[in-house]
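Below, chain A partners chain B and then partners chain C, in two separate complexes.
And now, the complex of A and B:
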């Protein structure tokens, strides 16, 4: 059976390319100000919007992380497009409720767009034939046949990935990083891992500056990246130097931390106190996830 | 390439989380008497994170480096912990790889790093050339192993994803070559400049 392309995957594709285009435009605008050749070393600051006020900001971080984490696993278990779309709508509502500027969740969608576009193109073309499924022939090229079942699966993956990626902002950006990590420690994530996340997050920005400076001096000496051995050699030495400098720095960092009283843990100021409202929010998300999954499995539309 | 949310079956995603937790537990247990190592591993982790932002031109497109071989050669058994933290940060900051697929991504990249941690000290020899060859083997082999892990993980999602798994494998072929060459230069550079960084 030959049919026209359905609307939803095209819409998802358009949204993803739109997000990618947005990202590209932003890059170009930034480069216009700074430099056309310099790569973008900057990492976004995770808790930029932590000082706003919303139901997510007021939520006890421990319960927020635990319940949204469980909810994410319930969402990835969905198997029908209808209920995955419902989860996406819930995530959009959550981003709006958390009062985070849309540029941040859109940047997350743009980061996934390459991987997910590949899925949308490859899976429908290569999926095995299922008896009774709809075949879509792309009109000008009659040899390209899209399998309806493959298209459904690929769209399902894209919708679920977007639904969860959008939730990351209400989850992570609504509390200072230190509080989020303290909540993770309270949820029994090993203290050593929490320490490493906090330090690594800090030093990504420091070493990003270092890398930018080294890259600039390479360009001043006439380096222009090409597809050849000399470029790979230059990058190899560049990375080696970055590692040597970061190792040298670790020693000084550790001594400085010790002299300020570091004994394997950072002092904390926040104490968590969960109110009934916090528990209610946690229960709300988990029950919503269970409802989504139940409806999905019963295939109720 | 990182696996995003929604691809893997929930059982596979949870199983990978469990295995990742066990491997991290083993890594941290081995570090238990060396807490002064943790800040160091953290700073080295961020240097690998920054290194993964480098895009090497490849014809009309570009590939970014992952360096699982060099992570293993520099950090030894602690490499798995470092990779897990690095991937967690990539997921939290950039959405490279989803939060539910973190366990799978950590296994995909962390196992090759552990393999390199095992192989590099046995291959490195004593000269600059032998270090470069050991770096090339660990870099190319580590990336090849990561690509195979990726294909296996995509394959667990069902027959419909076999096509994507194959294309992902093919797309990694040039990356394997580039990673091998760059890792060889990094290993030779470190041998000349600061050989004590490469673990005995």
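And now, the complex of A and C:
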């Protein structure tokens, strides 16, 4: 079957939608500025919603990570759009149940949106033709043919990606980062990696500030990136200096840790004790994943 | 809580806390940081450890905490050599406050950071909780316990780092430049906290005036050796000796004009003819500047009578950061040709934001005029050609492998030919007294040299307006004096963002006071210095330190 769609009205619709989204965002930001009571903090952090209360917050972090991790693998294995959509609905319900502000998961999705949009455009255009599939022709560009099977495949990947990205919020933002990392250590992730993640989360902000200050000073001395050797040289110097400064800081931070008694491990009082309810929640998610996969494979819809 | 450090045993009566004998240490690159250091430290000593940049102070305190081990000589703590288990014990009892609080706050909340030390001491949870609460209360951060450190202001981070050390109830407190980059109110807060600390105090700072009243003993390090070890009063009583070691802060002190003949009791050494002490590029040496004394600012524009044209003007400019923080609120300011203006205010008052707007890096609401022309968004982005800034941390500004490339970076971007670039680089380096440094690596230079190099990198672009953000941060007195001489003779319109009232008095004729994003006062510097109501109005707590030297003399 061949469907003809007008390209320019579609493009105009997409542009209008984008413009409306930008306008909405700008308005919200302005309102935010007007309402702001000199907030104490500026940057989002990974566990800012960790002090709320929900079934996810009350869940043993080890079981939460292990079972949601398995569930995510089962979702990735889905092959039909219907059951992938069901997984997306479950993820939305999970975000709502975790009582996390929607701005966070939406920001996460927005970060992925560029790649996913490109995926949605490129795959339908480049997918191999399958006998009997629907073709969409964008008039007046008759050479622009979207393959129905390619569109289905791209949509499936996008829906699964969104389902899993949404689930990252209940997984990561419902316990303090330190507790999440201790749970990962309890699940046999090497302690050194856990400590590196913890320190990286703290120092990514410091490093970001340093990089921004250096970039600003370059800009104030007339640096404007071009496609020439001088630009490459300037970037090389910039990255080299950033690396040297980071290396020096690493040394100083390690000394500061040692001077306060660090002997290879972060001290903690967190102890994990899984209750029957925790095990039940874990079982629920794994069974849910198995049901989704079974229905998907049996093509029941 | 910190009046008497509890929980750590004191050494037996008569036994010193530290005995350092013939200590030597060299870094892997061959730099000999310490040579034959002999030092004895008793419980409750209050020591000012001073010396110019690179004299070995930081290396020495790292030995006191077991972070470095002696390559030669011995370090005894309570009579035992520092090694193995003893080093672990040492770290529980000797707390160091490092210069950069970001090095010391490595956890994800202030609470975790402050609890880190007590938890490593093996204390039970209730006691750790108690220690954390008390330490945060002492530094006035109890309300910020669960905030991520990167969301605190610099001053708050500095205090949080101090709380992290105090929570361990250390027997010995070592402070490395505790007051660097703090506003006067926070400096006083630090001083009050340290006055209450009854253990052994070792303080590294170039701020001799901060040390006065806090320390009773001074140890002067010169090229890795203990050059003097005497009463603190003796340190300040010998300007000639201070000058010899690059510690002479007395250029900051001048007579009030009431005929106190002892204000400068000892004449400064004059440079010998042809000794090279005279500055390049028409800038006198530091000694000459010092002898010319205090007010090296040009004639005040406010006093001049003739109204000058505004070089840059802001009209009702406001700026809010993306998180909603309103950093500027309807600010109007005119900077005239030749103005030398001081911009002051507490940390977070909006000074740096205002500088960002003047530089065109922050797009503020409101009008900006340059030389009478209103600037649109595109013209604002090109303000870098007219306005230069020297940042607080010179490291932010230096990214090239040699000094020549560093200074040439801006002129090259202006599209100048090779000869002109070379000429400007040579002139700029000469102006900041760095001639001959063309092939030196900026990374390996001292703090003072890097600061001057950053200034040269801006001067080479020949800006019409120069903004200096805390130019004296991290400099030793010798570096400060040289900087004063250089800045005092730059024929430029200048905005000085600083808490250093001596530099304000010496270099500027107009002072703008900011508070919570607004301009609170805009008056002559002399009026500002005579204004007793600032502290009352905004709690700035400036203490004008260029008082007549009489109090210091009588204190002796």
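The rule is simple: the second predicted complex is superposed on the first by the 257 of 301 C-alpha atoms of A that agree within 3 Å, B and C clash if a C-alpha of one lies under 4 Å from a C-alpha of the other, contacts with A are read in each partner's own complex, and residues count from 1 in each chain.
In this section, contacts are C-beta pairs under 8 Å (C-beta built on N, C-alpha and C of every residue); 3 or more make two chains touch, one makes a residue touch a chain.
Bear in mind the structure is a predicted one, so any value in this text is a computation, not a measurement.
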Which superposed partner A:161 touches (first chain B, second chain C, both, neither): first
Identify the partner contact of A:241: answer first if only chain B is touched, second if only chain C is, both if each is, neither if none is. both
Scan A:232 for contacts with chain B and chain C and give back first, second, both or neither. first
A:199 contacts which: chain B (first), chain C (second), both, neither? both
Identify the partner contact of A:249: answer first if only chain B is touched, second if only chain C is, both if each is, neither if none is. both
I'd like to know which partner A:213 touches here: chain B for first, chain C for second, both or neither. second
If touched residues of chain A are counted for chain B and for chain C, the larger one: B
For A:223, decide between first (touching chain B), second (touching chain C), both and neither. second
Touch test for A:257: chain B only (first), chain C only (second), both, or neither? both
So which positions on chain A get touched by both chain B and chain C? 39-41, 43, 199, 201-203, 206, 210, 237-238, 240-241, 244, 249, 253, 257
Name, in rising order, each residue of chain C that touches chain A in their complex. 62, 65-67, 88, 91-92, 94-96, 98, 100, 102-108, 112, 116-117, 119-121, 125, 144, 147-151, 164-165, 168, 320-326, 359, 361, 384-385, 388-389, 391, 393, 395-401, 409-410, 412-414, 443, 457-458, 461
Chain B partner, complex, touching residues on chain A are 39-41, 43-44, 46, 69, 72-73, 75-77, 107-109, 111-112, 115-116, 118-119, 122-123, 125-128, 149-150, 153, 156-161, 163-165, 168, 172, 190, 192-193, 195-197, 199-204, 206-208, 210-211, 225-227, 229, 231-233, 235-244, 246-247, 249-251, 253-254, 257, 264
Interfacial residue positions of chain B with respect to chain A in the complex: 1-8, 10, 13-14, 24-25, 28, 31, 35-36, 38-47, 49-51, 53-59, 65, 67, 70, 74, 81-82, 84-86, 88-89, 92-96, 98-100, 158-164, 166-167, 178, 181-186, 188-190, 193-194, 197
In their shared complex, chain C is touched by residues of chain A numbered 29, 32-33, 35-36, 38-43, 45, 47, 176-178, 198-199, 201-203, 205-206, 209-210, 213-214, 216-224, 230, 234, 237-238, 240-241, 244-245, 249, 252-253, 255-263, 266-269
